[in-house]
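Two complexes are shown next, each including chain A; its partner changes from chain B in the first to chain C in the second.
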Partner chain A sequence: MSRKPFIRPVQTTSWWLNQGRYIRYMIREATCILIGAYSAVLIVGLIRLGEGKIAYEAYLAAVQSPMGMMFHIVALAFALYHTTSWFNVTPKAMPLTFADKRVPGGLIIGAHYAGWIVISGIALFLVGA
Partner chain B sequence: MARSNKPVAWSLFAGGGTLAAFLTPVLIIITGLAVPLGFLSGDILSYERALTVLQNPFGKLVIFGIIFLQLWHAAHRLRITAHDFGIRADTAVMIICYGLAALATVVTIFTLLNI
Partner chain C sequence: MTAASEIKPDEIKTRIIEIEILRYNPETDDEPAFQTYQVPCREDWVVLDAVNYIKDELDRTLSYRWSCHMAVCGSCGMMVNGEPTLSCHSFLRDHPDKLRIEPLANFPIERDLVVVMDDFIDKLKSVKPYIVPREKRSVDDGTHKQMPAELARFKQYTLCINCTLCYAACPQYMLNESFVGPAALALAHRYNLDTRDVGASAREDVVASNPGVWECSFVGACSDVCPHDVDPASAIQQAKIAGVLDYFKSFLMPKGEAKK
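Up next, the complex of A and B:
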């Protein structure tokens, strides 16, 4: 008969508050809530657009109200956190080799940031900035 | 080998995460912040312009792709994070997360087809 196994006690909901890196991990995971909520805001916009001009303009007014702007500022902060955390793990998630040598991680990360700037610029150009 | 739906969920998560990393910040700026902050003219979000873009099949496809991938990325990450909060009822969590994403995807499709 085996001894009673030792199970390390872990706080099931608050374990991540003990260390900075766990908190950063949870912030990274929480970005999905804001990305999901922002998607829902976009879907509501599409529904309002289909309902006609009055409905769509009321939607725009709500988005651009102080509360709407507050939401978008928070969503932007979390989206930027997602972007940086996503790019910073790319050398581990997607290690590349070139001519039998590992491509340096900094190069993979840097290429992502460069691409991000170009894509954001193209998006702003397309909407007419 | 055991069959698993993990590759499908994971590829949507990875694809959505990559799209969200590259596009979501600028998208939030365009649709939510640029106009009220006076950075872009209000015309860019006008009813007429939004209608023109979204009556175009290519415009519909682009917006659908963005929303679809963002949704499934968020759903998958939320499911995994529920586990980190000690929620072990993964089947129920999976049904709620993926179910909401599926529902929102269907609503998006029908809405776009009706514009």
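Up next, the complex of A and C:
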């Protein structure tokens, strides 16, 4: 008997549309684009600040325009998705043991959220909110 | 107490399920095609029972692998409605009245639901999935000693049954055949974590390489479909961290203190 294995064609571009988990993964990976764009806007702000008051006020006006606001809302949504999706997988990458027992995954994830809140609080305090 | 013999088979509810199976006969077919069967299924059946019914009662030409019927042997993996599934480990009552069964994705089809697993076996061999001892020991030397806490570090990774559902779920393996893949990397990690083993540096070339852990982008699908909660994705991420630490330690301690 001769063998003739059949190799199924691979959907090289649309494979990720086949399953919910692949779509969620692609969104998680895509969030970095918005985070990169937000960082670029922030760096431009720093450059404008260095150029003087007029340049910085023009930058602030641009950021507060409807387009600027829209961009920040979308960037915030993507940053939240990015953060939560990565926080939720931390127990896999960083399993901890304490007194010979595995620390429950929920505790590791919770510690990340607690750290996030504390650091956000410090940042808000520093900017005088 | 009710004896099992007092329950007649027809007292258990049955429902007709339409099952489409991807058939492929290498001797006559150029490509696979679906064939549909109407299967009267009992409420307590798993998917494998329905496939066995087809083989026994409807179409004895159907080929598929199975052995233990209790999620131990790892032979009966199939795509059930697009999801890599151990067919003995999946109740029909949890599925709709229409099932589409295909051979495990990402593997060549040998015949019907039987896939060619050679690539996985080669990759499994390449990570030396056995204890590499510090020195040769004889039976007279007695047993290796290991503390419960040392065992707990890798216990979950020993539960792998080589069913390859994780390979069928992994888009990285689908797109790049050279990827060593979830189960083999999880087993490499299992032996690297074992206190009796000193094979980490012998596995390093395969594990800490681009087709090794660095091909993984942490989709996490392997861990979702694993029937024994081995969680290969966690093993791969931990191996990445260990690989990076070893890399930097080799600068700090060039005389090889970092490696076992």
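Just so we're on the same page, the second predicted complex is superposed on the first by the 121 of 129 C-alpha atoms of A that agree within 3 Å, B and C clash if a C-alpha of one lies under 4 Å from a C-alpha of the other, contacts with A are read in each partner's own complex, and residues count from 1 in each chain.
Quick note on the criterion: a contact is a pair of C-beta atoms (placed from the backbone, for glycine too) under 8 Å apart; a residue touches a chain by one contact, two chains touch by 3 or more.
Not measured: the values here are computed from a predicted model.
Student: Examine A:W16 and indicate which partner it touches, taking first as chain B and second as chain C; both and neither are also allowed.
Tutor: It touches chain B and chain C both.
Student: Scan A:I35 for contacts with chain B and chain C and give back first, second, both or neither.
Tutor: In the superposed model, A:I35 contacts chain B only, not chain C.
Student: After superposing on the shared chain, does chain C or chain B touch more chain A residues?
Tutor: Of chain B and chain C, more residues of chain A lie in contact with B.
Student: If you stack the two complexes on chain A, which partner ends up touching A:G68: first (chain B), second (chain C), both, or neither?
Tutor: Touch status of A:G68: first partner only.
Student: Once chain A of both complexes is superposed, is A:L124 in touch with chain B (first), chain C (second), both, or neither?
Tutor: After superposition on chain A, A:L124 lies in contact with chain B alone.
Student: Based on the superposed arrangement, let me know which partner A:Y56 touches: chain B (first), chain C (second), both, or neither?
Tutor: first
Student: Indicate the residue numbers of chain A shared between its chain B interface and its chain C interface, in ascending order.
Tutor: Overlap of chain B and chain C footprints on chain A: residues 12, 16, 29, 93.
Student: So in the complex, which bits of chain A are touching chain C?
Tutor: 1-8, 10, 12, 15-16, 18-19, 21-22, 25, 29, 89, 91-95, 97, 100, 102
Student: Which of the residues in chain C come into contact with chain A in the complex?
Tutor: Residues in contact with chain A: 24, 26-27, 29, 31-32, 82-83, 105, 108-110, 116, 148-149, 152-153, 171, 174-175, 217-221, 223-224, 231, 233-234, 237-238, 240-241.
Student: Which stretch or stretches of chain A touch chain B in the complex?
Tutor: Residue list for chain A touching chain B: 12-13, 16, 26, 29-33, 35-36, 38-43, 45-47, 49-50, 53, 56-57, 60, 63-64, 68-69, 71-73, 75-76, 79-80, 82-83, 86-87, 93, 112, 115-116, 119-120, 123-124, 127-129.
Student: Contact residues on chain B for chain A in the complex?
Tutor: Interface residues on the chain B side: 14, 17-18, 20-36, 39-41, 43-45, 47, 50-51, 54, 63, 66-67, 70-71, 73-75, 77-78, 80-81, 84-86, 104, 107-108, 111-112, 114-115.
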